[in-house]
């Protein structure tokens, strides 16, 4: 039963991941990536880590990807242009990466299966419960947890600095200079 | 209900808090927050002085607390369950970071006004980045190193794109962001694999604590995963310090980013990357005599690093010759210098004797200090000459300025000569120390390659000096104003270069000395 | 029949989910009717009263209308996303339904002791938040896929609004979590029993309750926060281009969301199925006790639903910038303050 | 029961797909999404080891990684918006101001 669920979720995850890379429209890629994240949340549940699963959905699917979708919609990002020459060059690379992928997987399965110790199944694990994660966060991981607050503060400062509207004071000389670069499109120099 | 599942011992029910050990980081981070607060409540014209001043005071205070930890701390050497460690590697690197940040603040205080950028945000980000670098050096656990790295990287992404209306700055920021996150992912995957691989056959779970990793190498349950993990970590750090196959982002990012930010990026994150690199590889995968997984892992990464060092030096120097833009040229030069540092890293890694290893580590730290100072000096001159918007960074722009702006040209020449490694400059002493450490370990071939590379590098460093003094200037030249803070920064770098070049003994002695608490513990 | 057989249990679970969904859909259908009648009453008119006695068959008439209407798909829409969006909206709305406890433990003949909740697990509350956060995509993608500027504006507005208010919503729940020390909804409800209703979380968590209620209205895009579908500005917002059954799905999703946030408010703040003094009349665990508890639960839920309709009948709409600054500059700080206050009190041992 | 190696294999597969995506994709947002995929693939490894060996550390690490990813997303999208304002294109091949 668990194996079946795992296989279904794994198929969903990998399928969506491939779809994400294959899609040219960024919004479709984003939708596929949301699928990946939801599949992963399911996989965490099979690993008896319900807390991480919930956080996965809330943070990745519910916050980060909403932001991404938002930006894609807001900027109305164009589809990627097909570039035949570039693609031809990419085919051997793709074959190489696929081979690498296959080798990597086989390698991991082989060595884990032949190792000296076989851990008991994860479904009976109780380390993924909220109480356990919470206790860990405020004892062993207290310092990293506190530093994440610094990190987030910094990210807020950075993101706002970059994305807010440019004040008139700052525009003066810079716009002129930007207009001299060759890839500048006329509409951007408003 | 027992809610402490999965935590190893009952003692972990309380948190092992020790804020004293965290003092330098705390001061810098609080200064960052303070800068933001002050910035919000002051007028625009006061902001650059106030925020810059607070940043400088914070950095100096952090340095004082760092020295205090070094000389008079008597408590434990670890806190937060091994997340923070106190040792020479941490303290000496912390001092280097503080020097880099202080010089960067001096460089950028006026520059933010020239470019009309928000001063408070810039200095806050700089301080947060500094805190990140310090955490990278002080972290005794891979999670701390990862967090410090991200704190540093993310703020640097923003700083690289700080000139928002400039396309080049945007692009530099984007490239740095994409490749930086890409490398973080590798680093993280390596961490995950090491975490899993260090589990033991009796069911003991894996660990991310670097000291415990070192103890468990031979009993690791999944040795192949350990190798894969180490390789991933190597790739991750390789990207961060810009060693050769992973250096492709460097020239673009360094050229596109605003020059003071480039100066900071070339010095700070590189040194921080090396701090973590050394922490993980020297202490996590150390030299062992007994044959086994640990021994094989050690010889493997040493071998890889030797190759990387050779490629990095060669690629950096040859590519630098071909450049026509000063910032790009300095970018390739920084790649080459990463190669020289790798030589020292190899020496430190290969040392079987603890004393020799410590000397090699001190050599690397010294080299990074020297490199930071001279790079910052060079970029300071580039900042001044480039004017607002980084308009003049081509080599032709330097034609014949030598006699019109003699002091600037002098400072630039000193920095360049030091980067080249001319005797009496700091760069020479740094190279001597690193190369002799490598020679002690018997890497004659590596040192020969490094010296040959130094010879090659003479071409592009000297060319710039020649251009400055002996080339006719085509257009009119009006000498740029050098603001006081930049003049101080330049003077400091020049003095630093000569001091470290002529009287390096004292600093090296300091870097080789253990923190007092450790030497007391060891009974020496 | 062996009840401990996992397949039988799964089948029973499935049956329970099926029943719940149908019951909720019925409730939703009649909420719509109630809304129209009550609005009529507020505005001094009758509202729909022709289909069946007093209009009770109106929902079915509406359903038939939706089914037989012509489906219009905009010519330049992104078809896949256009069809996906309403499905996401409805699925996300329905998925939270399974975790809410609607009645106490009861001893049934043959089944033995049963907890009146479909799925009980460690992270129920987080699950609710997680699934709710998925719901945003339904609206955002609908706005994008319609290829109409009004829809896009509506979609962007509503996703901005929902993200913003999700913060205060989540933070308002933290107080309750801090007090009860668990994320398991069943346990949270059980902790509120006794003391003739004075153990309900609404008393110590009044600020949290008000913040929750406000942000829940914003989350469900209801008046006075119904900017995403503001008819006068955006011609119905994200579902301008949707018609027939797909429009009905959005409509349904909105009302299911209304229902679920009411249920959550009941569960967390109003003691769930606890009816004050019921234990004096019937012994806990008996069937009548359970029946009256369930009735009490639904009475509370319907009170909240009525509150929504009442608000719609009386309040005007916000302006978008007012909405955002209200969320970020007032509601969020208040919610944070509540968290700090509760944490301090819990730490001191008061709560 | 699903063995540990399957989870690790899944993680490796996803990581490789993500890495390949970063190389193949030309659009900044798409590249960013591929990087997110890589980080997520790593999380599977952490959680798998954590659950199989009954050690919560791996899940704590994942928690930290998620926070970092959120911070990275905020800044990354800020960068993307800034570049879009100036250039109206997110194709990295169009990023030709800086020569390779």
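Residue numbering begins at 1 within each chain, and the chains themselves are lettered A, B, C and D in the order written.
Note that in this section contacts are C-beta pairs under 8 Å (C-beta built on N, C-alpha and C of every residue); 3 or more make two chains touch, one makes a residue touch a chain.
What you see is a predicted model, and the numbers here were worked out from it, not measured in a lab.
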{"item": "Chain whose average C-alpha position is farthest from chain C's own", "value": "B"}
{"item": "Cα-centroid distance, chain A relative to chain C, in whole angstrom", "value": "30"}
{"item": "Chain C-chain D separation of Cα centroids, rounded to whole Å", "value": "33"}
{"item": "Centre distance in Å when chain B and chain D are each reduced to the mean of their C-alpha atoms", "value": "25"}
{"item": "Overlap residues in chain A, where contacts from two or more other chains coincide", "value": "51, 55, 63, 67, 108, 112, 119, 126-127, 129, 132, 135-136, 140-141, 144, 148, 151, 154-155, 158-159, 161-162, 166, 178, 181, 183-184"}
{"item": "Where chain B touches two or more other chains at once, by residue number", "value": "5-7, 143, 147, 150, 154, 157-158, 161, 164-168, 173, 199, 203"}
{"item": "Two or more partner chains touched - positions in chain C", "value": "none"}
{"item": "Pairs of chains found to touch, sorted by chain label", "value": "A-B, A-C, A-D, B-D"}
{"item": "Touch list for chain C against partner chain A, complex", "value": "6, 78, 80-81, 84, 121-123, 126-127, 129-134, 136-137, 140-141, 143-144, 152, 155-156, 159-160, 163, 166, 182-183"}
{"item": "Chain D-touching residues of chain A, taken from the complex the two chains share", "value": "2-3, 6, 10, 13-14, 17-18, 20-21, 26, 29-30, 33, 36-37, 40, 43-44, 46-49, 51-52, 55-56, 59-60, 63-64, 67-68, 71-72, 75, 77-78, 80-81, 83, 90, 93-94, 97, 100-101, 104-105, 108-109, 112-113, 119-123, 125-128, 132-133, 135-137, 140-141, 144-145, 148, 151-152, 154-156, 158-163, 166, 178, 181-185, 187-188"}
{"item": "Residues of chain D touching chain B in the complex", "value": "8, 11, 15, 18-19, 22, 28, 31-32, 35, 38-39, 41-42, 45-46, 48-50, 53-58, 60-61, 64-65, 68, 71-72, 75-76, 78-80, 82-83, 85-87, 92, 95, 97-98, 100"}
{"item": "Touching residues (chain side chain B, partner chain A) in the complex", "value": "1, 3-7, 12-15, 17, 22, 29, 32-33, 36, 79-81, 83-84, 115-118, 121, 124-125, 128, 131, 135, 143-144, 147-148, 150-151, 154-155, 157-158, 161-168, 173, 199-203, 221-222, 224-225, 228, 388-389, 391"}
{"item": "Interfacial residue positions of chain A with respect to chain C in the complex", "value": "1, 27-28, 31, 34, 38, 41, 50-51, 53-55, 57-58, 61-63, 66-67, 69-70, 73-74, 129-130"}
